[in-house]
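Notes follow once the structure below has been shown.
Letters are used for the chains, namely A, B, C and D, taken in the order the chains are written, and counting of residues starts over at 1 for each.
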Amino acid sequence: MAGNTYGQLFRITTAGESHGPGNVVIIDGVPPGLKLSVDDLQPDLDRRRPGQSKIVTQRDEPDTPEILSGVFDGRTTGTSIAILIRNQDQRSRDYGDIKDKYRPGHADYTFDAKFGFRDYRGGGRSSARETTVRVAAGAVAKKLLRQTFGVSILGYVTQVGDLVYRPEDPTAITLEQVEATPVRCPDPATAEKMIALIEQLRSEMDSIGGAAEIVATGVPAGWGEPVFDKLKADLGKAMFTLPAVLGVEYGAGFGVCTMRGTQNNDHFTTDADGRIVTKTNRHGGMLGGISSGMPIVMRCAVKPTSSLPQPQDTVTRTGEPTTIATKGRHDPCLLPRFIPMAEAMMAITLADHALRQHAQTMGR
Amino acid sequence: MAGNTYGQLFRITTAGESHGPGNVVIIDGVPPGLKLSVDDLQPDLDRRRPGQSKIVTQRDEPDTPEILSGVFDGRTTGTSIAILIRNQDQRSRDYGDIKDKYRPGHADYTFDAKFGFRDYRGGGRSSARETTVRVAAGAVAKKLLRQTFGVSILGYVTQVGDLVYRPEDPTAITLEQVEATPVRCPDPATAEKMIALIEQLRSEMDSIGGAAEIVATGVPAGWGEPVFDKLKADLGKAMFTLPAVLGVEYGAGFGVCTMRGTQNNDHFTTDADGRIVTKTNRHGGMLGGISSGMPIVMRCAVKPTSSLPQPQDTVTRTGEPTTIATKGRHDPCLLPRFIPMAEAMMAITLADHALRQHAQTMGR
Amino acid sequence: MAGNTYGQLFRITTAGESHGPGNVVIIDGVPPGLKLSVDDLQPDLDRRRPGQSKIVTQRDEPDTPEILSGVFDGRTTGTSIAILIRNQDQRSRDYGDIKDKYRPGHADYTFDAKFGFRDYRGGGRSSARETTVRVAAGAVAKKLLRQTFGVSILGYVTQVGDLVYRPEDPTAITLEQVEATPVRCPDPATAEKMIALIEQLRSEMDSIGGAAEIVATGVPAGWGEPVFDKLKADLGKAMFTLPAVLGVEYGAGFGVCTMRGTQNNDHFTTDADGRIVTKTNRHGGMLGGISSGMPIVMRCAVKPTSSLPQPQDTVTRTGEPTTIATKGRHDPCLLPRFIPMAEAMMAITLADHALRQHAQTMGR
Amino acid sequence: MAGNTYGQLFRITTAGESHGPGNVVIIDGVPPGLKLSVDDLQPDLDRRRPGQSKIVTQRDEPDTPEILSGVFDGRTTGTSIAILIRNQDQRSRDYGDIKDKYRPGHADYTFDAKFGFRDYRGGGRSSARETTVRVAAGAVAKKLLRQTFGVSILGYVTQVGDLVYRPEDPTAITLEQVEATPVRCPDPATAEKMIALIEQLRSEMDSIGGAAEIVATGVPAGWGEPVFDKLKADLGKAMFTLPAVLGVEYGAGFGVCTMRGTQNNDHFTTDADGRIVTKTNRHGGMLGGISSGMPIVMRCAVKPTSSLPQPQDTVTRTGEPTTIATKGRHDPCLLPRFIPMAEAMMAITLADHALRQHAQTMGR
């Protein structure tokens, strides 16, 4: 209830801070018999980890997961799976500034207001470090979705500052294209410019916002619930659980504001196999909150990193005016490392709804 | 689990279709002792109901609520409150077209894909009619928020097609200004143009999209949970549970994509009372998913009504190409009636987090 | 969260008091396509209702259910089903005594302590009247269990005061045998004595306790979860949610206290069809909290009715010593009407676990 | 949903098997500011651990907990607390028999029926080893209950085979009396006989059942919810989640079956402080499912250990008749080690309801 559990049937519960012993996730509801090992988790953890490229933070965190339970003889048993990722970078250091001063854009003040007390080391529970175990759980969800339901999930960067990339066909993009550059924009020309912009921002001791698109292909029609647990609502929540996300849209998104019904409606037709599809996909793969069988396409707006190495105005815990310049190494742009996090949250949400649909309709 | 329950401590469960006997909500978790009667529910129901003005659908649904339980001697008892709103417009008629043809932009096809079977009368469970009881529950949440926590919620239309209104100070807008015109845009000049545009669209047998802004004032710092039940995540889900919403943002929203950290960060300071506040509110009242004490400001993109009186291409249940022109009276623009729905969902979500914060921190 | 919702996938939420407008249940999670009408609900409601025989309370409540949603063309749609049962006996009368005096054995005092305020008319929310809609929901669960899973549920009275009946084979008892007498003990000789005892207690203005046994046959091996949601735990909770239940046991129950392992262990063998079974059923159909395929056998201890027409010592709300003699008509023994309530709670719990098992194991 | 989470506001989620790397619990909802260290956890873990006395199993498991998160500077932060207890006894050995043969009274068969696959090493997830982390979480709940609410919890053995102890005043028993003997029966004379009986059973390669009583003192009137989450229902479930429990009762329990209303009703009066109390406590501290302010008194029936070193009839996974004699060291009587487990489950349940009452009634 205190918000550390997510999902209904495929359900994750997490704990951990950035500078404590480690982060742990318990995944409940994974069907028995799925082949699983740490090798399934490591690739996405590597895509999320600091130090992976020159345009992200240069901290060194190898993020090696240990599966504590729920897997036997290389397969899931159907019981709860615990995964532990120990923190490496726990060395004692001076936290004086963030202990007593509120960093702009961070949760320091709101945690104090909520709890009256906080683990101030590196942001504690509010640190993006807690997403490590989400990414690990997401890798489990991805494997379940792929093997059991034929669903694939892929994200990529579509915007950094004013540099925008709009793919003609989101479903044609491959993981290789995404991973070809450290910025995770599948268009090489735009990627190059984005990288240059990010490097420039770093040199200016500043940061930059952007957007990402996350796509799920292969989702059959029928996932999601009619009223409150609409698939769009749960996927919307999924994205907003991630740090720095200030906007989420799917399909035509905010573009619908200026559209007429005759322009926006996607007409039904049949494909070569006689399957009912829509001619266009402005509805982003969900109608009435239920998947339509068309690709699910979402976009997230991610704010520029709040931590800046240059001094910013703020106050102390007692309200005295002061300035703070964040020490340590930070990402000048959050987007490249955001991709595996967003993919993970989409995967966990879809895995949950896959099992929910299976449950209520008795596998029809 | 099948998605008809929303919230944790302030929790609503709903049932009902557009053309069945009625809609019902059970509200669980309302503290005892709150004064409550149907008079508290009727105003927002009237703001939501069809036929209220010339620019909305002309169906006549009085939407009279009956409180079935949980209130005694004019006060809540702390036990579950059931509210029933009977449907008036249940007359038998010809549903032939929507029984066998899939309306573009509607949930007809996805319901069939999910359940293999659906109540096709007027959209059944997928009809926006199910929001009646959400609005009733929202009125209860609003009263609790106002009386116990000093929180106010107000929404208004900011965009219809290309007509955009951006308030200088969202917290200065009054209910009277919003209700002064049937389009619920508080700026009289823009409202007039919006009304003209909507009337034009109706005459062209078309519809138009738009956007709304929903604002909560008086929320103290500290509501919301750190990780999955971030306030922004739960409010984001709240908005996406509403029909026709394709995008949600808060604070600077998608505007952050082009911002630098030095531009976007809101600096902390103290107000005249020595309370810690931010100089600006690009963070929309939430930091790290927890309320900051600043106004909560959200925006939703609402698509143009999918139902159109002119023929649209589609297929039958068996995949045969056909056309469908929706009979009956529909809103050429959903925004005016969207406002009370969005306010209700924000109120229910905030009431839930108010009780959650109270629970875990033992009322500190 | 305030305790008016029960179950995970087959989930019911209830509202209503004894002397308000009525009681309502929303059932969420019923698979689509199940044939359902009020005719499915009425028989169990009639078994529960007052006035059905000379040995129960003589109040007249016909308990006619209205299905408000979730059923279309005689079949469930997969969306939430609301059932309303209006109260008939709402006539105004003098509640003075129970308003100001605490009835021994009732929830008057504890409700006041909890909420500071209560609906004192006939017990309000603490009245057994709230079980009407549980019985209606139980009838839906029973139908689902019977038609989809081949599971049958039957309860009967095994004890009234010192009169005890122990069936040789719980699975051989039929509904006809149970319903043959108003006391619902399937053994005619014992039933006759029980009826006489109950009539004697009524004439003495007293009441008597007893026990019931509830049996589920046809439950396949594999329902229930390993740790917290053990089937025995959820069934145990199910029974303890019912008014007046002070003890629950399954299989050998409290008899295990004096047994040795060599006496208590049920040995595995195979039946005529080669299916693995146990030679005996002291484990009551559940091992490790998971159904074994053997009949599930539970017993509940039900206290004597607390309401007595003779004066009992108590205090007023302000602590003044006084006496109270309960007015109105009450059951001298709760057991006969307890049977349909207990069956309903077992059915709802098993339907929930049926769907849960289906969900996680993907229908294996 | 797969049953590894327990509680609503004070909520635990567990993972782990008997012979995997370890067991872990995530505790969510602990209020911030509670002093906590491993020293608070160790005493109850020591009371639960094998090898603590001559009458329990002689396996050596030190059960050292590591707090991974949620505690900073010696106090809880209000975020999720993860506790890891690594397994020591993971040496490879021959599991051949329990891999292929079904142990009578164990969950081997039902796990196979449920999941089609199981971790057969030492019972895997069905092993009582999973209760280690419940006991750790229970220690946290106990500290919260004691410090914030003044509630104490104590359990003791009341029966081993035919040897029965009935305390005159359950609230007068002290932890020292309970811990004075390894059998945890506070009456020295009965304890001595129980120990002798257990030793005799061990020498006969057999086991014996028994019963325990668990008492909570200091619980204020008002905890628990009216309908489904009655305190008796949640405490009943709590006890039934524990391995080997076949019966649960509170207050007069099954004794009510033979009682009349005039005998069973507890009359209200006031105590020396003017507080409303009952003269007797046959209702076991709960009325209408809500705490009455009187001590909460529960009893559990615990079956004799199913694992026996002598051969028992059973079948193989393929249904072939065979015998199995359990290797390894087992408790000839489960009761002594059951006490800390039952206390833990009562503590977790009461802590949950303490926060729930605080939430809904706004701390009244």
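We adopt the following convention: contacts are C-beta pairs under 8 Å (C-beta built on N, C-alpha and C of every residue); 3 or more make two chains touch, one makes a residue touch a chain.
As the structure is a prediction and not an experimental result, all values here were calculated from the model.
Participant: Hey, which pair has more contacts between C-betas, A-C or A-D?
Facilitator: Result: the pair with more contacts is A-D.
Participant: By CA centroid distance, what chain is farthest from chain A?
Facilitator: Of all the other chains, the one whose centre lies farthest from chain A is C.
Participant: How big is the gap, in whole Å, between where the Cα atoms of chain C centre and where those of chain D centre?
Facilitator: Whole-Å distance between the two chain centres: 26.
Participant: If you average the CA atoms of chain A and of chain D, how far apart do the two points sit, in angstrom?
Facilitator: About 39 Å, centre to centre.
Participant: Quick check: how many Å separate the C-alpha centres of chain A and chain C?
Facilitator: The computed centroid separation for chain A versus chain C comes out at 46 Å.
Participant: Which positions in chain A touch two or more other chains at once?
Facilitator: Counting only residues that touch two or more other chains, chain A contributes 1-5, 8-9, 14, 29, 32, 78-80, 114-116, 125, 226-227, 356, 359-361.
Participant: Report the residues of chain C in contact with chain B in the complex, numbered from low to high.
Facilitator: Its residues touching chain B are 1-5, 8-9, 11, 13-17, 20-24, 26, 28-29, 32-33, 66-70, 72, 75, 77-82, 84, 114-119, 121, 124-125.
Participant: Taking the touch rule as given, give the residues of chain C at its contact with chain D in the complex, in rising order.
Facilitator: 1-6, 8-9, 14, 102, 104-107, 109-111, 113-116, 125-126, 130, 159, 161-162, 201, 206-211, 220-230, 232-241, 243, 245-270, 274, 276, 278-279, 283-284, 286-293, 301-308, 310, 312-315, 319, 321, 356-357, 359-361, 364
Participant: What residues on chain C touch chain A, complex-wise?
Facilitator: 1, 9, 29, 31-32, 78-80, 148, 226-227, 355-356, 358-363
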